[in-house]
Amino acid sequence: MTVRADERELRDDALNGLELSARLDRIWRTPSGLLGALMSVDHKVVGRRYIATAFAFLLLGGILAILMRIQLAGPEQTFLSADKYNQIFTMHGSTMMFLFAVPVMEAFAVYLVPLMVGTRNIAFPRLNAFSYWMFLFGGCFLWISFALNVGPDVGWFAYVPLSSLQYTPTKRPDVWAQMITFTEVAALAVSVEIVVTVFKLRAPGMTLDRIPLFVWAMLVTSFLVMFAMPSIMVASTSLILDRLVNTRFYDSSSGGHPLLWQHLFWFFGHPEVYIIFIPGTGMVSAILATFARRPVIGYPVIILSLIATGFLSFGLWVHHMFVTGLPQLGAGLFTASSMLIAVPSGLQIFCWLATLWDGRPVYRTPLLFVIGFIVIFVLGGLSGVMVASVPIDTQVHDTYFVVAHFHYVLIGGAVFPLVGAVYYWFPKITGRMLSERLGRWNFWLAFVGFNVAFFPMHILGLIGMPRRVYTYTADMDWAHLNLLSSGGAAIFALSFAVLLVNVMINLRSGELAGDNPWDASTLEWATSSPPPPQNFDRIPVVKHRDPLWLDSASLPVVAGLSVERRELLLTSLAEAEPQTREASPEPSIWPLLTAIATTVFFIGSIFTPWAVLWGTPPMAVTLIGWFWPGGSKEDEE
Amino acid sequence: MPIRMRTALVPFATLPLAACAGRQSTLDPQGLQSAQILNTLFIFLSVAAVVWIAVVIMLCAGLLRRKRAFDQPLALHQPFERTTGRVIFVLGVATLAIVLGLSIVSYAGQRTVFAKNEHALTLKIISHQWWWEIRYENDSPDKSFVTANEIRIPAGQPVKVELESADVIHSFWVPSLTGKMDLITGQKNELQFTAKNAGIYRGQCAEFCGLQHAHMAFAVLALPADEFGRWRDHENQSANSPTDQLGRQGEQLFRAKGCALCHTIRGTLAGGQLGPDLTHVGARTTVAAGTLPLTPATLGAWIADPQHIKPGNYMPKMPLQSDELIAILHYLEQLK
Amino acid sequence: MTAAERHPKLLYWAGVALGPLAWGINLQGIYALAHFSCETTKLTGAIMSAVLAVVALAGTAISARAVRRGAGAEWTDAQGGGPRTFMAWLGVGSGVLFALVIANQLAASLMISPCLR
Amino acid sequence: MRQTIVRNVAGLPTFGYGAHSGPWWGAMGFMALEGMGFAIAIGAYLYLYAVNPNWPIGAAPPDLWPGTAETIIYLLSIIPNEMTNRVAHRQDLAKVRVGLIAMSVIGVGLLVLRGFEFAHLNTRWDNSAYGSIVWLVLGLHTTHLATDVGDTIVLTVLMFTRHAKPRRFSDVTDNVFYWNFVVLAWLPLYVLLDWVPRL
């Protein structure tokens, strides 16, 4: 290579200790002030915002759930009108799936993956900032619409023709479809960042078989996002086109077909479940190793499971369509794949059980949530095996049995690990510990409340209660179990109140954590809590899958990176051999401006197709501003 | 497991659930298909219960067992690691065997449930927001008739329903008889089932179809064959003419107030196609698609203000004086 | 690097790729051919599944060969540091797993008629 | 934690080409997901083709000449594209400028031709599901074409400013790489749009 860095440039091999830290801090710090905050491209700043915003949407979605449980606590109640109820259940599903579950997992990845692979920032940090703004604006767009009584009311799946202009002439389905576009853009951007971060920014020596399991999980998840979400993009775009400019994709009188929508939606919708669940398994593995005090047994088995699950998740979508009158053999094929996904899931569970079996468990709150996860998720997985069977599914499809099933899978498989992860990584993110006492309350309220709320729904489904009904008649024998379920929901909600209080109290005044309060083994614990803007003063060198357990006193590092400008170390894909010292972008306001221009374009285009014309130039201008070299040192080299 | 033993176990295992089985329950099968599905469900349920309990026991045992002492997390005991690897492999193979076995059970069930009988009695169901149109079609038009929200079938005979939708997607579901099948715009689906015994079975729309999805039920009345024949012959006939002055007045008002624009009453000038056929409405068991049992009081309340009982449905509230309402109600009651 | 060393390196991940590929083709293939096989021989799907299960297992065989040759590096489980052998092991598992999925689909096409709706 | 320096990476270059560069992998990622978008759109087309007994619905197949002309130009454009790639690797600024100008002109020409193609589809988006999916598929590809042409033009301008520093050559090679994707994505679409309706 002919280009060499300026030999006079100051490098980190010439400095040490505090001087090195201070210099790097100055280079990598987010600028101060409001403008500085809006310009930030630090993955930790963006990640924190992402996490907080996603939890805010969890709170909103949770309030909707409580409203629904109040309405259904007894027969023929009039607490909510049919119209309100339909908006609320649609908003609940859409918020939880698109504004909470997927973003929160990506948010944790944005924060943790660069730290865990031992680098200084995520790949494409400006894209990362842009992604956050798109997510925020999309979520606000949906919720402001709801406040204005234009909240979508056609279900989070928006089946045509109910969501077509003919049967829903309001703007409600457009709001839903365009919110999807917002969150898809955000999610796709993060996925590419994660993939490139994992592929290229790993610390030297972190070969493919030394990547922490959480990072592996996020890698697989990111690939799922990249291959699943284009499908819903095509779907939501075609729906908007049908409603806005009279295309005929779903108009059966002009050659369109309603089932095309269902295929497109579920080709995304089923992998979506795994996009939410696989990060949960990554969190479980991370927490388990630390609190069982030994590495997770069967590292390769778990990764094989993740990869197999990832592939298989693309061949299950038709099990959402077993009652649409498809050929029975076709349906049977999807039974085959759906059943077999139990094998990789089971193998993972057995690895975790074996780890607990051999380990010396330390019963702190994160571990409690992992144990709760195993108990709940296995039940959800088993009811999943039931709905994979065509004959059984014809009875339980679209009933409360399915509602119970997927809440066991999603809350058990993702929210329990997630809350455990909050307790686990809160010290790293804030530098302070959460209260263990409140943590125990939190766990037991969640565990009991969840099961009381959702277990009875299995029975409700079997005794005939369909989903998505705003009420039921008094002669249907469903009242008692519904009341019980609503009571459980109240307890479950209380557990989140405890979590909120715990976070609020300890955010500023909690006990100081130190670098590695749990004596964990992965690299994010090798730096201070919270980490400095540069993450690591020197990039670590990895020689073992559990580097901090191999040697907790001293960290092997590389030297030779610039301390005058933002520089990352790129390494090779499989062996993680150092390859280049690539520049990492400076803070910039352009991602925010681009997000604003894109928002104007997206919202405009649900009202008039001409928005494509007048909405594009501002986007082009802001994008050029984003990519045009700013004259800073690393750009000009 | 031998079939006989299995069927003997079914009622036993589902007893705690059957206790709360209502009138729209998969746990109280009254059809050949629903019984077959419950068999499959029971096998899956038993396996699932055993597996779940086994996992929880393994979890508890793993947590509670006496642990050997070690303080370095990486000081692994190699023979243990190897044994564990083997145990996980064996458990994986066991999982595989279980799911393959369950798959075979599922395919077998699927084959039985969807088996077709060419001699089945055929009727057509067209779903509307938010009611059901039922058409008994025959090669000769004078033996074809239309009814709504109530399906009468002969008990013990296979029935084939052809499913179509007039507007959005709905789903036809009578859990006591068989699993559900969607009614999809622009597509023709069909479903076969056989009611084992005479009785009344409730069904309900199971696919979200808009505002009043919750109030879109119907009843299946399985009748003994001869009774079904009599009902069919009667249903073929046009509506009864009103026998008294009040009834005749009601018939006139039915047209004058616009009811006839949407509803058909065969044998009269009322020929509207938008709402349910009311030719023999007085003989039905429910009003407003299973929302209320049909009595003079409920029918009157429904005509007086349909938007109160089922807000947002497509039957408008008509301005009626109370005497007009009474006359129309009297007329409709006579349409048996 | 000699040619002999490069060869296993190129294909060490074959099992990871071939298994899912065969399964995807099988799924789409039987689905697309359902109409055709209803009108002609009912065994089209089963034959295709059998062939594709062998393809998936071929992936396993290639990966297993790469494991035997060391795939260019040593691999010790707890430490890590031999990513190619590691990927080859994943290929071995993945090929077998997807062959089993295909076998289950084969069972489905033997038990359920392609004409049944 | 005590740090032990075990290695010095000061000698590494500050940018790389292809798999050694971050942006290249980013482009790979976006191509993968956009490629999936094309695959899904093709799948939707084939689904509608399969459920409809008549195809194309109520229209004549598209006129062949615009699509065919485009296909020929796309294939030929690979030659100047690859030449640009080679000179960018050699960091020959003058030739890179020529290559980028050529690619910009070709891109604009293709956009104009694309306008004719829309005009000769012989169906409107609101005629039938056939018209809708044809417009969607072609529109999707046009978006990619327009984005890449815009990118090429901006890069061309950039290479005439003081910002034309060595690391920009890596950006040029990424742009070359992306153009190949646009070409590659077009080929199945050409068969789908122009020949499947003639089956």
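The letters A, B, C and D name the chains in turn, as written, and every chain counts its residues from 1.
Operating definition for what follows: a contact is a pair of C-beta atoms (placed from the backbone, for glycine too) under 8 Å apart; a residue touches a chain by one contact, two chains touch by 3 or more.
From a predicted model like this one, the values you see are computed outputs, not experimental measurements.
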item	value
Contact-graph distance - origin chain B, target chain D	2
A-B or A-D - the one linked by more C-beta pairs in contact	A-B
Inter-chain centre distance, chain A versus chain C - centres from mean C-alpha coordinates, in Å	30
Where chain A and chain B are represented by their mean Cα positions, the distance between them in whole Å	37
Shared-contact residues (touching 2 or more other chains) in chain A	256-257, 295, 301, 325, 328, 332, 335-336, 339-340, 343, 544
Residues within chain C bordering two or more other chains	77-78, 100, 104, 107-108, 111-113, 116-117
Each pair of chains that touches, named by its two labels	A-B, A-C, A-D, B-C
Contact footprint of chain C on chain B as seen in their complex	74, 76, 81, 96, 99-100, 103-104, 107-108, 110-111, 114, 116, 190
Residues of chain A touching chain D in the complex	1-5, 11, 13, 123-124, 188, 191-192, 195-196, 199-201, 204, 226-227, 229-231, 233-234, 237-238, 241-242, 245-249, 251, 254-257, 260, 263-264, 267, 515, 526, 537-538, 541, 552-561, 567-570, 573, 578-583, 620, 624, 627-629, 635-637
In the complex, chain C residues that touch chain A	16, 19-20, 23-24, 27, 30-31, 34, 45, 75, 77-84, 86-87, 89-90, 93-94, 97-98, 100-101, 104-105, 107-109, 111-117
Chain B partner contacts - residues on chain C that touch it in the complex	77-78, 100, 104, 107-108, 111-113, 116-117
Touch list for chain B against partner chain A, complex	17, 20-27, 34, 36-37, 40-41, 44-45, 48, 51-52, 55-56, 58-59, 61-63, 65, 67, 70, 72-74, 76-77, 80-81, 84-85, 87-88, 91-92, 95-96, 98-100, 102-103, 105-107, 109-111, 113-114, 129, 163, 167-169, 171, 173, 175, 178-182, 184-187, 189-190, 202, 204-214, 291, 311-312
